[in-house]
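Chain IDs A, B, C and D follow the sequence of writing; residue 1 opens each chain.
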């Protein structure tokens, strides 16, 4: 499974093409739209999300409810486009619907604005921010939804929760279960603990009051992952490397950990590592999971746990010191409509990312053409594991 | 520039092939060997490093001192191989030099041992550990050395230091200069502060005394990097994603940060982001660098700063609880000769990794065939930046 | 520049995403649509082409007439979809607009039908033929159009003509000029010679009369290509390999040649190879071009000439012997509406393919971010060539 | 399975790294060396081949006779290097073993010489020809040998024969069997027909007498290939495209066909395509194979047949008109020691290429970690095919 995304934040829409998705998979469009809506929620989002109600429009790859082995393509329309048709006009000025908008020339610190303007030799920062916007992650959540559908058929489930917003920290080790999932869903900040959820909301409210923004951390967990995905054999086939690369590609993510990665010094070696046990029926298992389910660049059969740090949203009401790119005069950074905190949304993007990476590794090991074939090969492997 | 590495820890040697390295680059073999020796040093390394004195033997790609545009290949021989010829024999048993060694069957927690054994359906853990060994990074340091040589010609320099071992932390923000580099080089643990260096050594000594091991953190910094490497345009072209993926592929690395990534909640948005300034002659610049030189998936002209967390070495004198893969009986994990702490060495590997990723992005933007051509195109870009 | 395509032949539409297209390029949508219309023409096409009038609908990547460095995505709607909504319904049967169509079970020899059905474990050949249809090449012509726009700015032009249909052969060596281009455009079979054009039409008419189809050959030529694109250095970087791979991926193409490749035995070595000359002002040049502009896996400065052989269209009115996949009973292959001869259309696809491959190699050597930057780097190289 | 090759024609040796080769495969080094020796033979080769006796020296990836899942690396030493140590010295001039050789400045038409010199901004054509030499294919034959070993375990066998040298043509359709294989092996030009073999030798002798060289054609055939390798789904996943790309990357190959690709106009559609039949036990089959075992970008279960055209060797005793790159004066091209005809050798390279491409597609569909796992998944598929 590989994919490309396209689309500007205020253009006609966002487009995704997924190549090499298995045939024979029943596609639940409602599930995909539900995934999109989960990304749109969360305390701290700006008012853009009240305009948009993201929905997948399938263009190809699905017939009579099932994937058929050809590339899946879809569009998610930007409802807001109607208000931006002039600004985002694809036709050259001089055509009758000419755009009279003033160019944006004061780059926002923390964003792609300045470097993107220089890299692509543009003359309007609008050309950068339309694509560098985190709205692009909408498509990835859609694609991740497709991945999740396959993973579920293999007994692999992917969850997430927010572990920190500002100074409010949820640091307990949890085993995901239905009760906890319900708590996370109920929480406006996707935190499993009610008291800490309130503290997190307080952090967001406080930031908003100050014309400011606030960052945080989240965890994504995949259960039911078999051992042996990824490889130590060549540097670029380690699954932790792939996962870290994909997570860091989520806008505003500045750090990624596997397991207890942020806290490697909390324990010495004999206490850090997850000792190996065996129980007839269950096979090899661990009592702890500080490795986050990955050892030697491979999954080890325990839940895969990925943590990520998200910087505070760079666009703030208060603004930041910047310089007009053309005049070089000091200005305050522009206030593109924005969120105060998007960590809960980012955790949903993280689910999509982890789902895609795990499906990729599944397809590498068990084939990718058809879901029944994948399941047969997967079960082959499981039978082999039982006999070791 | 792309590359593959090969080689077992106690086999004949390690092999690297670098493809698409520019022609016309004067290759200083002594520099490459010096880089290799920097990886071998560091307080806390085991006695293997006293056996090996790694040296690059060039097989191809260089003629009369210069790269010629064809693939560079090299071997780094394992001196220790002489002691392992029987165990590592490539011929099948039954030939006269048959291997009588007992198979390894008790997987070490924290290593690739168990998952690798299952994934590749092996019958001897030795087959895993020979390749999953961090000795593989030797080749990457060699390849990184080739990258560094080109980067220097472009005015880009890459450094590293150790910021934490166990509980001993060096947390000051530093601007790299010659004095600091000398301090780092003098320190047996590659830390810029003498007092903290001693504390770090204490942590290692304490761990060794307890039959234990200890993890830590390090930073890698690249200066002189132009703005606009990487791109926000497509998810997999963000340079922070590429860097994070490559760093996480270093054995034992469990977390990666760009800039202040581990501490995103230390400041709210208006205080976190690096405000933009302009000074005639210097162009755009920042007074702070919490972004670690990367915004919107692109370099922004400030030094690129990458931090990484390394877990404690899993092999310890004390051993860990494990299970014999065949008999399922409880055992203590095997004590393959090992280090107590390899964070200083890992920081050198980090330099190689960052050098390679930056050179890759340079070659994407400025071409890759010949060093003079790259320099011309690079200078074009710099002239353009001055005129913006 | 990389791309993915999606879309079924009778689905909603065809989708393309182009990644890494340079910014700052003025996009002439009319030109793109003109390219699409060129593919739709040609004596011998079936009546589908009278239903469709292919037009690019840009979704992203272009603003105010210019590419902005973000991914370009577009849709080409299938007008015929209106007649196929039931058959191509994406919803599962059981929803109210249930599909009552009978399944296709008799695979057509020469098509993907049988292997695709087996590979993807489908239960309706319709699922295969919708994607394996050559209608997919419409998107590639669109993408090739984008490539052509950039190439023109670099002085590189790409042309094609049909050299054979059935027994009618045009074998003269031609130097492309405006007169010849006009002849090709006037010819209903895209052949530069009027008499042979009539013979080619006769071949098609004869085939149609017999309920049959007919194959042929075409040539694609790129002028203005600089020397040194591609490389002999690594097996998969040879530009002839890349071109051959892309051409063979055009449906129904069964052979590809560079220069006089189909006739390598026509001359011995001393007569085959293109001797090297030099003229002040022009630099190095050749008086012949049997190499088709490629030596040692690289362009040599002469026009790049690629020939391709297209098998007869497998779908014929007469039908072919086949077997019902389920019942195993003998049947005659189904008669999906089809062309008698599509060689003229394939030559337009060939132009797109060659344009994309050359642009890719240009971007590798001269950068890819912005058209002005590419031009500067390209001119650097040209100046260097003059000084050699 | 992916790989990189390195090495100059007269350097220390040639290096190959194979990544992602399955574990558990018994590696017969003698078989690999036998493959290398097959490439060295053939009437028409120059005297270099009497100096070299190519042998694989395994550096990594094999232990106790079997692949272990880690990258396989090997060296093939150039025995001739002893005579070239000065010319190929990797050290800069100025060191004591300084190279006094005159630089090569007269590029040979038909070779990489001129374009390579310009592309890489070199000052000695020697730097080009050492890598652009077809000696590089030695490594690919070695790698292909590894692929063949796996394919045999799956019941897939790869053969080749020479079908034309100069005017001597062998055009019969043959079904490969042991008798024919013996004839091919006995023939000094690898042609299955004794009379035509003599004619082919005559062509070579005649060319040599004239100080000239001669080209030809060959066929490579893979039997036992299952249907469904490759895909019509995305342009770059068609197996015919991949095969054509790889074949065209063999030095001196100027055209590639699948099945009857060079002769697509020999028959109209109803006569060209291979009708589909079914026989209980055998499943679907064809009575003809003009498609060369590939329809719709996928294998169809019939033998895969690839043809290739090789231009005459550009280096000839007689020489060709060229120009001194520096002085621009007219010269006769240099006479690097060379062959008169290398078509028989190229056919062996073709076997390696086809083996690698088929193994790649096998690994994509059936996994790649371990040979027993691949076999299980492969047998799953075969059982499924029987039930369709």
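Keep this in mind: a residue touches a chain if its C-beta (ideal position, glycine included) is under 8 Å from a C-beta of that chain, and two chains touch if they have at least 3 such contacts.
All values reported here derive from a predicted model rather than from experimental measurement.
> For the two copies chain C and chain B, is the contact made of the same residues on each side, with over half of the numbers shared, or of different residues?
Looking at both copies, the contact residues mostly coincide.
> If you tally contacting C-beta pairs, which comes out ahead, B-D or A-B? Let me know.
A-B
> In whole angstrom, how far does the Cα centroid of chain B sit from the Cα centroid of chain C?
Whole-Å distance between the two chain centres: 44.
> Taking the mean of the CA coordinates per chain, how far is chain A from chain B in Å?
The separation of the two C-alpha centroids amounts to 27 Å.
> Taking each chain's centre as the mean position of its Cα atoms, how many Å separate chain B from chain D?
Chain centroid spacing, chain B to chain D, equals 37 Å.
> Tell me, which residues of chain B touch at least two other chains?
Only 4-5, 19, 69-71, 116, 119, 121, 128, 131, 228, 231, 233-234, 369, 373, 384 qualify.
> Looking at the complex, which residues from chain C come into contact with chain B?
19-20, 69-71, 228, 231, 233-234, 237, 364-369, 373, 376-377, 380-381, 384
> Taking the touch rule as given, give the residues of chain D at its contact with chain C in the complex, in rising order.
4-5, 107, 109-116, 118-119, 121, 128, 131-132, 136, 140, 164-167, 207, 210-217, 227-228, 231-236, 238, 240-249, 251, 253-265, 267-270, 272-278, 280, 284, 286, 291-292, 295-301, 307, 309-316, 318-323, 325, 328, 333, 384-385, 388
> Flag every residue of chain B that touches chain D in the complex, lowest number first.
2-8, 11-15, 17, 19, 23-24, 26, 58-66, 68-73, 75, 88-93, 99, 116, 119-122, 126-128, 130-131, 369-370, 372-373
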